[in-house]
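Next up: some structures, all given as structure tokens.
In what follows, chain A forms one complex with chain B and a second complex with chain C.
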Partner chain A sequence: MFESLMTALGMVLDWQNFFWSLFGVTFGIIVGAIPGLSDTMAIVLLLPFTYYLGPIPSIAMLMGLSKGGNFGGSIPAILFNIPGTPQAMITTFDGYPLAKQGKSGKALKTALFASVTADTASDLVLIFLAAPVAMVALRIGPPEYSMILLFSLVIISLAAGGSPCRGLISTGIGLLLATVGCDPEIGTPRFNFGFIELADGISIMPMAIGLLAFSEVLLQAERWYKDRNNKTHDEITLSRPGTDADRLTPAEMKLCLPTIARSTLIGSFVGIVPGIGTTVGAYLSYIWSRKKSPYPEKFGNGALEGIAASEAGNNAVNGPNLVPLLTLGIPGNLAAALILGGFMIKGLVPGPQFMESNAPMLYALFAVLLISNLYTLVVGGIFVHYAKKLTRIPKTVLFSCVMLFSFIGSYVNNSSLFDVGVMFVFGLVGYLFAKLRLSMPTMIVAFFLGSLLEHKMRQSLLISRGDWTIFVDRPIALCFLAMTVFITLFYIVRLTRGRKAARP
Partner chain B sequence: MHIDRLTGLGFLVFSALLWFVVIPAQTEGPDEAFVPRLSVLVIAIPALIMLLRAPRTNPAPTFDPALFLRVSVPIILLFLVYLVALARIGFFLPSFVFILCSLWLFGERRKKIFLLTPLITLGGIYILIVRLLQFELPRGMLF
Partner chain C sequence: MNKLLSMLLAGTVSLFCMGQAQAAFPEKPLNVIVAYAPGGTSDISVRMLAKKLETIMGQPLVITNKGGGAGVPGFEYVMKAKPDGYTISAPATPAFSASIFLRKKAYDLNEMSFVGTYMINDRILLTRTDRPYKTWEEFKAYIKANPGKVSIGSGASQEALEVLRSVAIKEGLDVNFVMYKSGGEASADLIGGHIDACELGVGTAGYQSARQGKLNILLNLGTGAIPDFPNVPKLHADLGHPFYTSVPYAFILPKGTPEDIRATWENAIKLALQDPELKDAMLKAGFSPSFMSGQETKTFCQEELKIIPSMLEFNKKAK
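The block that comes next holds the complex of A and B.
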């Protein structure tokens, strides 16, 4: 243990980690602050460049992008009532009213303080939970693993925004795409349609860039073109630096602390369960804080606790979300799935053995998470003053640049124009998905879990010589199977009741 | 027809196509086809539910054909032309033209933006990606 910690310290104290983490946080804040561009888009556009970095700097940059993007999303939410990222939607409830009162600096600083405090606390949750969960994970075999994956897939499908049917269709498509390439046991080609480039399966990078960046440009451009003549927000007056309206006083910080603690708890719990996501964390935290507040009427009219609850709730999801990723190899949400992509590019396979075989690297990653939080505080503190300028970058320029970087990002992968073609096709698929109200994050997470599920299920059936009762013979597997069935039935009953109640 | 019914019907046809045509043609045995068939069922069952049990009210439409033709189709075509040009001419010149054309298609008319965007973007790509990361972008007749 001590030896691993010392090795980890050596790994962390490399200038590259500090530099790329700073770069990630800064780029993440900038992208997050631009309405329409999200933290996941920032990750997906820079993911290909991790080829050129070592494992720790790569993950440091990706984590920085996620953390910076999360905070960046609150900037337009507070200044213009437009959430920069989906999870910042709840921040608009109190952030914008406070900014309209001339206290934009106070609102932004509350968001920053709550984000960084909750994020740091949630990273500590990750640090303390990862080892015990990994120890349990080491004792589970392929049948248990299969049922845990099945459980995660069901949760992810049902928790997807919109209807559960659309969530399940998205999951099915993700699973199907994961089967392209070769059979994992026999090695014979499958669904490659004669393209040798598909022999190893669909490359995640062009696929993710197409789905998350290229399609988003088409969707955003349509929306922007439609609304180009409408005034979407009132101009607010920024608070003057140095005034009370621009500062977050120690008394106000103290006032927000119980809310932050409560929201961190909620966010952490939400983060551990795969598929629920940051928006739910923010929303539940906000609702609970309003309920517990002695003056709930202030919520929605610029309450500092409202901003703190939303920001703490969505940032507290980040750390615990990595628990299933690092210990079981199961990404809990889209950002975690993309970070898993980053691990895979570096030849690292998160899962039960990861902690045992890469302990120093894991400790180094924990340290990098905490460094990123510090950077978010410093860089975010600087950006608070230039926030308004960031949001004024012309959309036309953004769209053109994102399209160009979509090409470069997918080309960098293998220096192949075939990959650019894959990106283009998935860009159109992403557009179609959005128009049909299907869930793209669900599909991407299912794509990641699909090959693992097939591998573990086939392994289980090999062990049992084709006997399916292996999934009910073992207690942990049976427990997860029962939970999967229970949750599915619960949803079916709820849907049926809801339909009956809706009938006149 | 309700959009949910239409979506359900579309995915049912897609599932049938996969089950009866694509999977038998692209797999070599029942073991290999097991997970693909399972995935098809995961698509087909909710699709059937959507087809049979669509709600009475239609949600607001997400697709505007006029907007699609005015904004998305030209961008898609431009990107296709850009890809063909890249393979033949090289990266920088087609990218310069692509940025100008895409700016114009997105509705940009300011001269300053037309001048600065390609210069800053391509200059940045040259310094960061070509010089610093030593990455080779597609080469063609000109570069």
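The block that comes next holds the complex of A and C.
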């Protein structure tokens, strides 16, 4: 143990690790902050570089990219109401109102603080609890998976805020879109209207870019056109350096800590279940924090805890997401799949024996994760300082750039023009959603969970030969099913009571 | 002055080129289109090979992932490209069966120019080591003793699933087939014990576990030899089952590519696979490197594509 730690120390203390990690974090923050471009895309672009680096520097760079990207996405989310990456969309709920109140500095610093704290905590989960976490992950089979998904879906559609009817409609649309693709059981194409490109379903990246970035461009253009004769524009006033609006006071930090702790817990759990993803982690954390808050009405109007919950929730997914990769060689998300590819090209095969036979490398990898977190804090701090100046860019220029990057970002993902079309269509859909005041994040999450839910439910029923008791036979599945039923009933009761009270 | 200089330069270059006009083929970077998302077996294997091909071809290889649509759009993009050898598809062959399953349309293999195979991706059937069955024969007996209770998963290969279905029909086995979205997802459920056996490609997480002795391999659904497990029975060759699935990972150029350019590529792949370092890295990753020439690959694929319709017919009849 001691010997491998010393070997690991030797592997870590190499200028290459520090350099590539810094490069990864910086580049990650930049692409994360550009709406349309994302950290996964940056990983794909930089993958060829990893051939020329050793295994640890390549991992340092890839992890830096994903950590930097995760934080970078919150910068435009707060300043312009456009999430830089899909996982930052929940941050817009409270980040943008805060920026409009002239507290952009405070909002950005809260995001940074929550991101780094939760990321570090979740890395510690990975480092110290990898083996037990992997055991839990293996217990989750199709029936358990289905019930966890159902639970998340119900919470998000019921508790999303706004009118419950609109929440359910948004969920319904998301679920409907999730059916496009192939039948998961017999493999026949379904609702793809003859487009072979839709055989794997609607690709999530172009869809998210359209809904989150392109639709906002359309809305801003409309607003600009309507206000063109007015002299008064709703400009974002920058927080002045040195004032309370620009920094996160120790008292506020303390206020956010319980939220961050809660969100880290949720995010880590979401990370254990592969495939659910960071956005769901952020959304569930947000909903729970609002529930726990003494002033839930502030959420959505600039609550610091809202930003903290969203950012902590999405960053905490990352650590545990690597657990199945390191323990079993199974990637939990696309970034992990690319890291797996990087390992394999180097002739390293992650899996049950990787931890024993390559212990020093594993320790070095953990050290590199923590170094990346430190860099995110430092580089993120510098970016926060200068990012506020971005609001001085004329809106016409800014939104033209966002539009350009939306096109590039949706194309690069699969190098496919069809995807650009998908982005465009969903830009219009997003515009309609905003006009009809439907919830876009709910729709995206429902789309995301919907196809997984269908897959897992049908797998369960194939295993049980159509016997639905498979969902109550297993303790974990039963537990989540009971919670789902309980929450639904509770919600219905509260809703009908509220109606009765409202009636004279 | 500049004009004079450039003329002189052009003259020298053209003189130089006249001597070796044949060998001049790659004079700019080469585009390799991988029709799948980065990080999977197809992507990783191509990237491994590309490193070696670069030194042989003397030009950088630019790998572009054109994922989605089960590899069909990415493959067809290359087939429509200019047939000058600068745009090539790899590993192209999985698109063949995908096209049949997704839109009931088989490709005419004469409408493309086969370059060569670099590895064969065979599908294998795996189980946990703590199960009462250790061999394929024991597994069959177990299924017969427990009709309807055994679940077999598929790591996202419709073709392999149909092969297994045909085996079940022929042997009179009553099993549940469970389809997964990816090899990783299926591996997790197999290792977790949620399904009894699973069909996976070589190089997946489940296969790596088998190499480390944590899973048992019962059956090879393909025709190639699996380097780490030479004694696993082959469904078609050893057990005499009429159907099999074996996907040669090959480079394919659009129709009409000049023969000398095709041969340059073919030769480069052949040379690359002779490199012990590359071979070693591929074996370490769990891949099975093996070279087949363009013509051999074409014949191989023709044989396999003949099987699919008769297999589907066979399975349909039993229903």
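The definition used in the following text is that the second predicted complex is superposed on the first by the 282 of 504 C-alpha atoms of A that agree within 3 Å, B and C clash if a C-alpha of one lies under 4 Å from a C-alpha of the other, contacts with A are read in each partner's own complex, and residues count from 1 in each chain.
Note that a contact is a pair of C-beta atoms (placed from the backbone, for glycine too) under 8 Å apart; a residue touches a chain by one contact, two chains touch by 3 or more.
In this text, all values refer to a predicted model and were calculated from it rather than measured experimentally.
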Chain B versus chain C as contact partner of A:Leu175, first or second or both or neither: first
Touched partner set for A:Gln101, first chain B, second chain C, both or neither: neither
Touching partner for A:Gln16 - first (chain B), second (chain C), both, neither: neither
Which superposed partner A:Lys435 touches (first chain B, second chain C, both, neither): first
Touched partner set for A:Glu185, first chain B, second chain C, both or neither: both
Chain B versus chain C as contact partner of A:Tyr225, first or second or both or neither: first
First (chain B), second (chain C), both or neither touched by A:Phe193: first
Chain B versus chain C as contact partner of A:Ile408, first or second or both or neither: first
First (chain B), second (chain C), both or neither touched by A:Arg465: second
Overlap of chain C and chain B interfaces on chain A (superposed complexes): 185, 415
Residue numbers on chain A that touch chain B, as the complex places them: 49, 52, 163-166, 168-169, 171-173, 175-176, 179, 183, 185-186, 188, 190-193, 217-218, 221-222, 224-226, 228, 394-397, 399-401, 403-404, 407-408, 411-412, 415, 417, 420-421, 424, 428, 431, 434-437, 450, 453-454, 457-458, 499, 502
Chain A - residues contacting chain C, complex: 44, 47-48, 51, 137-142, 182, 184-185, 187, 189, 196-200, 203, 274-275, 324, 328-331, 334, 337-338, 340-341, 344-345, 347, 349, 351-353, 414-416, 418-419, 455, 459, 462-463, 465
Residues of chain C that touch chain A when the two form their complex: 37-40, 43-44, 47-48, 51, 63-70, 72-73, 101-103, 148, 151, 158, 176-181, 184-185, 187-189, 191-195, 203, 205, 208-209, 211-212, 214, 280-281, 284-286
Chain B to chain A touching residues, read off their complex: 4, 7-8, 11, 18, 22, 26-29, 31-32, 34-36, 38-47, 49-50, 53, 55, 59, 62-64, 67-68, 70-72, 75-76, 79-80, 82-83, 86-87, 95, 98-99, 102-103, 106-108, 113, 117, 121, 125, 129, 133, 135-138
